[in-house]
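Following this line, the structures themselves.
In the two complexes that follow, subunit A is the common piece, with subunit B as its partner first and subunit C second.
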Partner chain A sequence: MFRYIVNRVLWLPVLLLIISFITFALGVYGPGDPVQQLLGQRSDPETVARIRRELGLDRPLLVQYADYVGRALRGDFGESITVARGQPVAKLIARGLWVSIQLNAVAVALGVVVGVPLGVLAAIRRNTLLDYVTTAGVVMGISLPSFLTAPILLWLLSYKVRLLPPGGWDGLFSRSVILPAIVLGAGPVAVFARQTRANLIEVLDQDYVRTARAKGLPEVLILGRHALRNALIPLITIFGLMLGGLVTGAFITETIFGIPGIGRLGFRAFSARDYPILTALTLLIAVSYTLANLLVDVLYAFVDPRIRYE
Partner chain B sequence: MNDTSRNWFWLAAGVAAACAVLFLCVVAVGAVTVFFGGNNEEVTSSPPGETRPTKVTEPRDGAPPRAGEGGVLRIPGADPPTLDPALASDATSAEYIVELFSGLVTLSPDDLSVQPDIAERWDISDDGTVYTFSLRQDVTFANGKPVTAEDFKYTIERACDPKTQSPVAHTYLGDIVGCRDKLAGQVDSVEGVRVVDEYTLEITIDAPKVYFLAKLTYPTAFVVDRETVEQGGRTWATENPNGTGPFKLERYAFGEELILVPNERYYGEPKPALERVIYSLAGGSIMTRYETDELDMVPVGLADIERVLDPSDPLNQDLVEVETLSLGYLGLNNDQPPFDDPEVRKAFTMALDRERLARVVMRETVQPAHGILPPGLPGYSPDVRGYEYDPQAAQEALANSSYGGPEELPDITIHVPGRGGAPPQTVEAIVEMWRRNLGVEVAIEQTEWATFLFDINKTPNPYQIYDIGWIADYPDPQNFLEILFSCESQDNHLGYCNPEVDELLKQAAVEQDQQKRFELYNRAEELILRDAPIVPLWYGKEFWLVKPWVKDMRFPSAIVPRLKYVRVER
Partner chain C sequence: MAQAQLSGIKTGLQADVLPPRRHPLAEFWRRYRRNRLAVVGLVIAILFVITGVGAPWIAPYSYTEQNLDAVELPPSLAHPLGTDDLGRDQFSRLVWAARTALIVAPSATVVGVTLGLVFGLMAGYFGGWVDRLIMRLSDVLFAFPGLLFALLIAATLQPRFEAWLLRFEVTKPWVRSGYAEFLVVITALSAVGWPGLARLVRGQILSLRREPFIEAAEALGIPAHRILFRHLLPNALPPVIVAISMGMGGAILAEASLSFLGIGIQPPTPSWGAMIINNFQYWRRPSAPWMLWAPGLVVAALVFAFNFIGDGLNEALNPRERR
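Up next is the complex of A and B:
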């Protein structure tokens, strides 16, 4: 087990090198150029060449990349080129990251707190109206894209009813969190509800549940002590991956609600070809998903005795 | 423990561990954020600020307010890519910079004429190349340090230093003798800037160019404090700009807000009345926030325009319509067949009914264009008109072309900047008009802006037709005609070159008599229109909603300081 974890962790730097190299190469060879973005329509070749030289963008790919890795190892992820000229990327991302993590944590928490009980209810009241309504809600929660739900909720709750502020960010414990949290939480709620329902239904059909019923155990005990425990194990995967997703930022939702997280930062960096920001964001997301996956695997080994990593 | 309860135990432990990790991450990142991000330094851009002269919201009455008593103005903005005057190349950055900094000269918000600012007067030598500026002696930076001619010399040399990485120094200061050499790394100082005495500055330019003064109204030439710049590191401007403008930067939080407060040492008139200006940088649904009274003014996007133009809508009361110094056009690339033939270009131009486009498709949110220079730009003449809508003549021109008719044309694609989804209705309407009036099928291709820009800057430009526009950098015909159409211009992506036009443009650039100069430009404009390298589509307009309690807000069609006039009376 220990060896397995060490193994996985040791692979991480290799993975990051590969990912950062691909991102870097895309930045160098892909269409669009940050310096041209700076100049807009007036991007005359002479000035572009001059600024590229000053920024070191005229060097060969491998030299630039080696330089980047060297700096990154010392914690220097470069400076923004177009979005906020001269600002250190690490600082820009650190600011946005904290906001995105808080917002996503609320969404995941909503998923667990609302989704799991919904799924349980739907499973034990299978094929009743309650089940149908939940299932329909789940399908909607999964299928409705945030660029649709966000404007509708904005119009309804913020403009028509004037219940909630239409955007901005005033910290985790403020009313401005509610709307984006609902939009972002719809997916997790639906995923948790659907998984819980499906797993629980499967478990309730198992022999040991029938045995428990035959012994005359009350339904509450059957559910709580026997069925639910086993039904919830697969949710760890989802939960873990969502933890990894905490740092990815919600590109669309953050942009619509004007939330200064890394989703909006990433969107702007992409539009303006701010490669130092994009590369750092990509690395961050890669690290976070890799660690989340590792965490899930390790948890599984503890939770499910049938799984052994050798 | 039996097996199931062991599972249960580990599951609980697992979830608890995950939550603990999550919590630790949150705490750690929080600490990092606090550590790194304690001060506010991100920059945003505001919507393009090009607006037309003398649109003023209802003036205030009674005695002028004392500084800081004029209320709080809350407006939407965007993170400025920079607040460093030497680096600003976009309307967003410029909008903030003109409030924080100032230069030798400025533009009048009423008629866009060049006005004295830190320079109280200037003399121009007889040959038109030496400008001697006499500076006001009562100007200080926000920290109280007096501004002298030496500061301007530093400012210009800094902007022309390749290390500064200014994207626009060659555009706005390149006429100054020595600036281009310094940009190229060939010399250390800019020869054309000379400090005569503490309050006299002499600038020599490479040829008599009447539009030179207008260029100095752009942020690139705005004075900066050497100490502030050298000690402030790369982010000095967003931390402590220490400028000479009517306002000071109080707070800047990237993606959140940017707050300006009056600069009590501001030398100009009037002194700013507002207590503070809060730019909300969150973006998002600014219309909703206007309707809930969280913002005092907002630009109206295309999606809301119809509703706002409806007189029965309550928002219509707040509407301000602003003409911009801008032209929307289609580039017909002379380097790409079939637009290498002027008859084909003529045909494509005459086949478009621009009146109808503006009226029906754009719902009169633009003004149809028949020339290149927009109304409101000095030198604009209503008599200069290109080809009118005439489907019959368009078909004849196509038949007379070397291609002989619609069947013989190669495949044609129009490139539109955009991010997917349906193409703009305007482009669909244009393509439909070509289909109907010429019998030509034109394909539409959307290209994301960064790639679009990348492509049109290739040599040769690979696009046959492309949908684009131009906004004045400074109010002078040279900024449109020479920049976009002269053979040598780096910004001419059209493959267009007419020596006769170039000759006129060269004469106009050095002509000292303003009236004669404008006539030369008008003749050049006529020639260009006859060659039809572009199809002028419309002159731009902007629509703003302004709450009735915002008094004296101006909407000039160039980016000039305007907030010092405003007060809010809620």
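Up next is the complex of A and C:
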């Protein structure tokens, strides 16, 4: 177990090196030269060359990359080229990160608070109307893209019925959170509901549940003391996998609702080919995704003693 | 039921009590159609294919034809879904966009699945450093945020690829007609799509390898490639087929997302994602709901359909799902 964790942690820097190199190379060879973007129409070759030199874009790829790694290790991820000229990338990301974390936390919380009870209900009322409605809702939650649900909700709840503000960010506890949270939370709710339902149905078929029933234990106790615990453990793994999907979803959702998080920052950086921001964002997402999954694996082995890692 | 179990034991002795032997395909269809939603999904998917193939005959207008006297019209008899900001018929664009999706999604899925199958088989069968290398590679791709990675690849490939195609007389027209964009999007989506499938196949192979029939084959000295393709692959296929179906829905969604973010299929080639973003800015206008909803609902219906097909296939192919 200990060796497994050490191995995984040692692999992390290698992973980061590979990922940063790929992103960096894509950035350097990418289209939409940031210098061109910066200068717009009035770009004479001389100015372009001068700015390229200033930004260090005329050096060989490996030199640029080594330089980048060296500075990144000291917390310097370069400066934004086009989105916010001259601002340090680390600062821009730090500013958006807290907003995004709050928004994603709401989405995951929705997933647990709504999804798990729904899944439990669907499992114990199996093959009833409730179960069918839940299943249909789950498929909808998984398959409806956020670029469809967001405009529909906006049109319905913000334009037709002026119930909620159409966007913006006024902190976690404001009405403007509600719409983006629903759009972003639909996926997690669906995934949690589906997994809970499937796990619980499987657990309820187990011998020890039959034994508990034979003992004449009330159904509530069977569920609470025996079935649920075992059904919910596998849900831990979803948390790790969900992180990657959420960030991607936040890309579109934050842009549509005008929320100043890292998703919208990423969208703007991409549109303006601001590669320093994109590279740093990719790294950040990769690190958090990998760390979260490591944590999940360790936690899983801790909660379920049957699991052993070599 | 009891009879069926009995006959399973006494095979050959009591031919008259055996259930009628069906062709495997007929048996498959019998089990598949028990899931009503899966049948509905199949119908939607077939309609999608027909629309994509028959676009020139189904669409009442050309997808590029502009009419600046008829801009942003609400739905009417002449224009069932209204017109967009350039006066183009929305219904026709919707139909033609089906062809775009029909080219991109299956190709991206097929390329991604092939890569996943090859890598998964190699990792699972050979093990050792091959396995470690492939799994590390998939680790790297998994840690990348998928959509962002696809965006970066597509954005990087597009100009290079078009420049390369322009060098040959034969391929020159492809660039202007937009085929280059298709290839770029297909490459980006399959590059992101294969690792999940590779892991699935690897897991299958690892569990199958310990089965006695594979050990027997190895003991008989059957060469590795024959064991791989004749014995392991067919047995590992059912979950792969399910994953392909789910992947089709995912690819349609991913293509729409890329277009929504302005990368990949470029105007005037119609794409559902691009239609949604084009019309998104008009969500407050009277004709807007349709312009937004029609492409969105089509995408959603297809993702739905392929999910249900996946469920149906799972029940029909998975022996543990017997009900």
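Here is the rule we go by: the second predicted complex is superposed on the first by the 299 of 310 C-alpha atoms of A that agree within 3 Å, B and C clash if a C-alpha of one lies under 4 Å from a C-alpha of the other, contacts with A are read in each partner's own complex, and residues count from 1 in each chain.
As a convention for this text, a residue touches a chain if its C-beta (ideal position, glycine included) is under 8 Å from a C-beta of that chain, and two chains touch if they have at least 3 such contacts.
This one's a predicted model, so the numbers in the text were calculated from it and none came from an experiment.
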For this session: Assess the superposed three-chain arrangement around subunit A: do subunit B and subunit C clash, or do they fit?
Result: clash
For this session: Applying the touch criterion given at the start, work out whether A:H226 contacts subunit B, subunit C, both or neither, answering first, second, both or neither.
Result: first
Problem set entry | First (subunit B), second (subunit C), both or neither touched by A:G216 | neither
Problem set entry | First, second, both or neither for A:L15, with subunit B first and subunit C second | second
For this session: Between subunit B and subunit C, pick out the one touching the greater number of residues of subunit A.
Result: B
For this session: Identify the partner contact of A:T282: answer first if only subunit B is touched, second if only subunit C is, both if each is, neither if none is.
Result: second
Problem set entry | Which of subunit B and subunit C A:A105 touches, first, second, both or neither | first
Exercise. Now for A:S271: first (subunit B), second (subunit C), both, or neither, which partner does it touch?
Worked result: both
For this session: Tell me which partner A:G171 touches in the superposition: subunit B (first), subunit C (second), both or neither.
Result: neither
For this session: Pick one for A:Y159: touches subunit B only (first), subunit C only (second), both, or neither.
Result: both
For this session: Considering only the stretches 61-69, 115-123 or 223-231 of subunit C, report the one that runs into subunit B.
Result: 61-69
Exercise. Both subunit B and subunit C touch subunit A; at which residues?
Worked result: 31-32, 151, 154-155, 159, 256, 271, 273
Seminar exercise, completed: Per the touch rule above, subunit A residues touching subunit C in the complex are 11, 15, 18-19, 22-23, 26-27, 29-32, 139-140, 142-145, 147-148, 151-152, 154-155, 159, 244, 247-248, 251-252, 256, 266-267, 270-271, 273, 278, 281-282, 285-286, 289-290
Seminar exercise, completed: Per the touch rule above, subunit A residues touching subunit B in the complex are 31-33, 35-48, 50-51, 53-55, 79, 82-88, 90-92, 94-98, 101-102, 105, 151, 154-155, 158-159, 162, 165-169, 225-226, 229-230, 232-233, 236, 239-240, 243, 246, 255-260, 264-265, 268, 271-273, 295, 299, 302-305
For this session: Would you tell me which residues of subunit C are touching subunit A in their complex?
Result: 136, 139-140, 142-149, 151-153, 155-156, 158-160, 249, 253, 256-257, 260-262, 273, 276-277, 280, 283-284, 288-289, 292-293, 296-297, 299-300, 303-304, 307-308
Problem set entry | Residues of subunit B touching subunit A in the complex | 3-4, 6-8, 10-11, 13-15, 17-18, 21-22, 25-26, 29-30, 32-33, 36-37, 41-43, 79, 81-82, 84, 87, 89-90, 162-163, 165, 167-168, 170-171, 183-184, 234-235, 238, 253-256, 280-285, 288-289, 291-292, 294, 448-451, 453-455, 457, 468, 470, 473, 483, 490-491
